[in-house]
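Next come two complexes built around chain A: one with chain B, the other with chain C.
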Partner chain A sequence: MLSIRCPVCGPRDEDEFVFGGDASAVRPADPMACDDQAWTAFLYRRDNPAGPHDELWFHRFGCRRWLRVRRDTRSHAIVAPPLLAEDAGAP
Partner chain B sequence: MTQPFRLPGGDRIDRSQPLAFTFDGRAYEGYAGDTLASALIANGVHLVSRSFKYHRPRGIVGLGAEESNALLRIGTGDRAEPNMRATTVALTDGLVAQSQNRWPSLRFDLGQAADLLSRLLPAGFYYKTFMGPGDAWMVYEPYIRRAAGLGRPPDGADPDPYDKRHAHADVLIAGGGLAGLAAALAAGRRGERVILADEDITLGGAPFAGGEMVEGLPVADWIAGTAAKLSAMGNVRVLTRTTVVGTYDHGFAVLVESTERAGLRCRLWKVRARRLVLATGAIERPLVFPGNDRPGVMMASAALGYITRYAAAPGRRLAIVTNNDGAYRTAASLHDSGVAIAAVLDIRNDVDPAAQEAARQRAIPIHGGAVITRVDGRQRVTGLRWSAAGGGGRLACDGLCMSGGWIPTIHLHSQTRGTLRYDEAAHAFLPDRPIEGVRSVGACAGTFDAADAVAHGTAAGNDATPAAPLRRAAPAAPISVEQAFQGGGRKSFVDFQNDVTAADIRLAAREGYRSVEHLKRYTTLGMGTDQGKLGGLNGLSLLAAELGCAPSDVGTTTFRPPYTPVPFGALIGRDHGEGLQPSRYTALHDWHAAHGAVFNQAGSWVRPLFYRRDGESDLDAVNREVMAVRRNVGVIDVATLGKLDIQGPDAAELLDRLYTNSWKKLAVGRSRYGIMLREDGMVFDDGVTARLGEQHYLMSTTTGNAEAVVEHIELLLRTAWRGLRVFVTPVTEQWFAAALAGPNARRVLARVADGIDVTDKAMPHMSVRCGRVAGLTARVFRLSFSGELSYEINVPSADGPALWQRLLDAGRVDDLMVYGTESMGVLRIEKGHVVVGREADGRATPDDLGLAKLCATTKDYVGRRSLSLPALIEPGRKQLVGLVVERADDRLPVGAHVVAEGRAGPQESLGFITSQAYSPTLGRPIALALVKAGRDRMGQRLFATSPTASTSVAVMVSEPVFVDPEGKRLHA
Partner chain C sequence: MARGYSLAALLRHALSGHRDWPAAWRMPEPKASYDVIIIGGGGHGLATAYYLAKNHGITNVAVLEKGWIGGGNTARNTTIIRSNYQQDGNARFYEHSVKLWEGLSRDLNFNVMFSQRGMINLFHTTAERDSWVRRYNSMRLNGIDAAVLGTAEIAALVPDLDLSPHGRHPVLGGVIQRRAGVARHDAVAWGFGRAADQRGVDIIQNCAVTGIVREGGRVVGVETTRGRILARKVASCVAGNSSRIGEMAGLRLPIESHLLQAMVSEPVKPFLNVVLSSGAHRVYVSQTDKGEVLIGGRLDGYNSYSQRGSLPVIEEIAAGAAALLPRLKRLRLMRSWAGLVDMTMDGSAIISKTPVEGFYLNGGWCYGGFKATPASGWCFAHLIANDAPHPLAERHRLDRFTTGHTINERGAGPAPHLH
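And then the complex of A and B:
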């Protein structure tokens, strides 16, 4: 079980959080300008890197904030301090 | 009740406390401090089980968790526990133990015919046999299932409580032998929070042959002194009878503590530690020779342990077979305890005479280059035959000890994804590269010398590497292939528990199973409760020999948690029944309970389905409540609906982006129904949102989706829509809500509405007023779920019971009827309102549900882009329709599919029923259904069918609104 250091609540067990998926999947600013392929790529296509992966976690049983966590998928090591999603730079 | 094999002495037993127990119905006696295994041995009982496949007689082979044979059923009735290792069961007074896997009795087991047929039951027997004629497996299966298997479950639900505990530590140490104790002491002295867990009853680790010294003290004295120091440290927690069964990410470990105290069977510890010190020791390695599975053949260290700890002699005259120097010290120690040693048979030809000195001094016969060819005695060893270059012969003995070197217990290291390497000196796998924060010390890391183990542990306790290089394993010979394959290896057992022989390994290798993972699955090597603790390494060594490669090239199978079997009760703890998840109750729960409510768990909420009156059936009660709402007036507790308070200059913009319809023109004091989609275009949630002020909205969500909607909105506000100036606050628990519904709802409300004009003119459908109701601060929403004139009144939660009572009082003259969610469900099905989770099942678009008119085309909203994807507009999608049962007396089967023909047998499903009810308004069952191209089927005769209920009911397809399609009633 991962230990995620929530910037609000401190280190907490993974089972307080829900996984929110790949943080790099950004909603296009103008969806209607996307063709079907570009839109379905946003909906369904995700990279599956062996290595650092930016992902979203929601602290459901804590501060109820979305976090952005960089996790190494090979070792499960969290390789950078997690940030609140809104503090994590350009989405 | 004598104990004929009890010797003088024994560190752990208390002879002043005799304990009675039974095994297979016979009464025996042991002492406090005994394990069940040591008590059986003290009573001369060796035959304790029948093997899995061949039903061969088996005896106790080990001393602790590694035991693969002595799996017994402990206890009776609901408290019976199968597959308990006799070696780890603490003896208690009145304990009842039974053997397993035999019929009719342990001594006379009909299943042993399988042993005579063992030539016909080779590796892969099941696969080979059951790949055969199609039905063969069906014929054999009941017999196979009965003949095989390990134990059977208890007779009923376990009545005992189990517990879970969370703990944090700087250092978790797995194993309380010399290395683990030293690590705990060092870390404890540094002031760190330490948890030391050991599976045994007493700290100290493996039994010692005596003579070893640590820090100038005999080993036993050093152990006792260290244990005393640890118990005096407030920052060190020592857990005995506690096994670290799994190590996971980020220093997380799971421990199982057996307490066997009254009122608590077992406790699961979830420990998060900064550092993990693995001092898990080693398991003695069996030797592979014909008859090595006879009852009375035991690991040498186990024999030593039974004698030194429990004064229980595994025999009066023991033979020892070995491949290493350590056996001679063990032989001397056993001899000194008063057991005769028939001989030490060493498979090696050249042995350092110094190693043998202790045995020679005691005149113990020693035979080098010896190979055991046979072991006599079916239910207990009576002797053995051996051969060597210079002779051989028969040796009379009543016990045989195997000393095959040591298998480091690398399970936990491997579970953390540390790598392994094969060590040519130890002939075993050792930890190679650990992950950060994990250190293996002592025997599990190949450090077998007592003083070195302490040095190793001390360094790890100080979070350091040892200063000096450590001596590695005492030399042992590799496994003797010659000895293993005598007689073809058919009676040379590699894995006792799964009845895998050397012959099976050879056969598997010959048939092309070159990978150890395939070998495992083909032969079952390393499966079962012991997971190859004894046999795994021998199996892969033999496979390597057969393939002509090094064991390192064969590798090991993956080590997965748990290290030892974990009772389901420990994993469940208190999380069952009402403790499974927290239940939520509305402010009125006690009132409901006192007034005949039949409750239902809806998600986490406990809600009344309906209120039963004397003599009523469930359906009577629901029909009464439904008709009261249709003809008069009813009231329902709807406090569970999700409520989100939305405030800010961009609140309307947020709603515009979330909902499919437009919100910018909604006036203050008005409300609107909206549907929300997921980004993939499927309906996600629905509800009414009211505008309370210029920048203030109250959104309602479905009961079950309240949290999910908050997470959905929060994610968008924190990522894609960061620029929006708006706050969203869940307020579900802050407000109680009651809905008045029915033609007379206004009349009832008018009596308590303080200064709120509730006439249709002043407060039309879909409007909201803030003010006071029945003297309480309230918000009144005119909206309708039932299709009738209806008001929802919100008051602060604490005022809920007062509001409820005042509404009931105000409605008494009108026979105001309280109704529950089942009745509400009937009302909304009659009205054709969709429900998220039923009609909107995550695969339905707005158009599928007939809600396309709610989708704006002039703005973007979540999911809009998906609605024009080809798959979402293709013809033939399932669409929402109503179904009316043709014959009023028919009842719709639960979970029915909709088909074209009213006949038995398979046919194409056109769709399925999503909600169904008996409609008292129509006087027959009705349903909402999703049916392929449903809107083109109006008036068609179809059938609702369920293969499990084998009924088929004729239905007519209709519009999904059965009552008041024009909506006159709710605008009344």
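And then the complex of A and C:
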């Protein structure tokens, strides 16, 4: 069971959250200007690291805000204090 | 010493108290070079090696496994084998796999204990019913066995199923594929491994690949924990580690690694002789030959390489199983475990050449690749031997994500949790 420290609500169990995936996938500003490779890179390809991973979590049963969490995918340890996604500059 | 398994061999070895059976495969030192190196000694890697030797006469092959063969998802899965797919590309591929399963024990001279006990998928809403019936009708158009069941027929097949109208998700009916079933997971790795070894393939355990050696853009070998080994064809079959091997080849893949858990109860007398699945409860249940109730469900839901699952998911899956079969409430769980599944963004697998010449990719099996083991090896061996896709797997290309030809069984958007 993960315990995620929400900046608004404090430490909460993982089942209050919804995983939102890789936070480093940034939607191209002008999709129409992308070639197929660039669009595929955004839409489908992932680094999928074994190690620290920046990811989005939605606090569904709490403040209903998006968080940006840095978590090690080998140990599940959260390696930096989670931030609100908007404060972290995440999309 | 005869290497085949047979009744005669059993009787002969009985005379010596079964103490001098030969090892099922050799433990060779790696050679300096091979024609083909396969990374990953799970079912898929071993099946690929076997069919390279058997169907294509390519025997100068090594399977490199970082741990012991069959210790990955092959050993962790719930062994459901079925071909209830709808999409072109998947339907005929998985049906070919079921057909290979039907003759596999004889072909490998190893009992993989394939048991075609049938699989029932329950539906609980009219929308679910429409989509299952549509899928099973299209299976019949593809020549695959499929039938729709009413609750009375289901009650006869699964007397312990809760069919009362007062449940959380009352059962409306179900679909059945009678040729679906289960097999013995270890036997699949051991059977393919032994049969490949007998044809000259080197199975090298405790040998992790740490790098892909390239020269002028093409593959010439691999770095391993047991030194550099050369080959002009390197083929990856590493399931949840596909992105790691891909990275070594300079590729960024449309894959995320996720955890999938399963669990078994204490063993009880036989009471369930089909595989039972329910989408609404997100759970599936079967009973092993040892009597344990084997239960699986959904992904844990976040990227992981830990092979260690989370307890809330176990609780949710167990609750679903108990809702279907209320008598399970009184059983104790004995073990639970997790495997590292390679989830693609359309829910279908990849059997493909790559932009790196000489590097071949077999992966993205999501949580359903055990059933594919024979057909996956069959088609991947064809691709490696001929540098052209097998007709049954020509849609499973890596570049389908760029060209827009995804095989999206569920019809949902790009997400790594589809199947």
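Remarks
Keep this in mind: the second predicted complex is superposed on the first by the 88 of 91 C-alpha atoms of A that agree within 3 Å, B and C clash if a C-alpha of one lies under 4 Å from a C-alpha of the other, contacts with A are read in each partner's own complex, and residues count from 1 in each chain.
The rule is simple: a residue touches a chain if its C-beta (ideal position, glycine included) is under 8 Å from a C-beta of that chain, and two chains touch if they have at least 3 such contacts.
Not measured: the values here are computed from a predicted model.
Applying the stated contact rule after C-alpha superposition, one finds that A:W66 touches chain B and leaves chain C untouched.
Of the two partner chains placed by superposition, only chain B is touched by A:F58; chain C is not. By the touch criterion stated above, A:H76 is placed in contact with chain B and with chain C alike.
In the superposition on chain A, A:E86 makes contact with chain B only, not with chain C.
In the superposition on chain A, A:L43 contacts both chain B and chain C. Of the two partner chains, chain B and chain C are each touched by A:D13. Once the two complexes are overlaid on the shared chain, A:L2 sits against chain B and chain C alike.
By the touch criterion defined above, A:D30 reaches chain B but does not reach chain C. The contact surfaces that chain B and chain C form on chain A in the two complexes overlap at residues 1-2, 13, 36, 40, 43, 75-76. If you check the complex, the residues on chain A that touch chain B are 1-3, 13, 18, 20, 23, 26-27, 30-32, 34, 36, 39-40, 42-43, 56, 58, 60, 64-66, 75-78, 84-86, 91.
Chain B contributes residues 248-252, 270, 272, 417, 435-436, 679-680, 707, 710-711, 714-716, 718-720, 722, 860, 864-866, 869-870 to its touches with chain A in the complex.
By the touch rule above, chain A contacts chain C in their complex via residues 1-2, 13-15, 19, 21-22, 36-37, 40-41, 43-50, 53, 55, 71, 73-76.
Against chain A, the residues of chain C that register as touching in their complex are 241, 243-244, 247, 252-257, 301-306, 308, 310-312, 345, 401-403, 414, 416.
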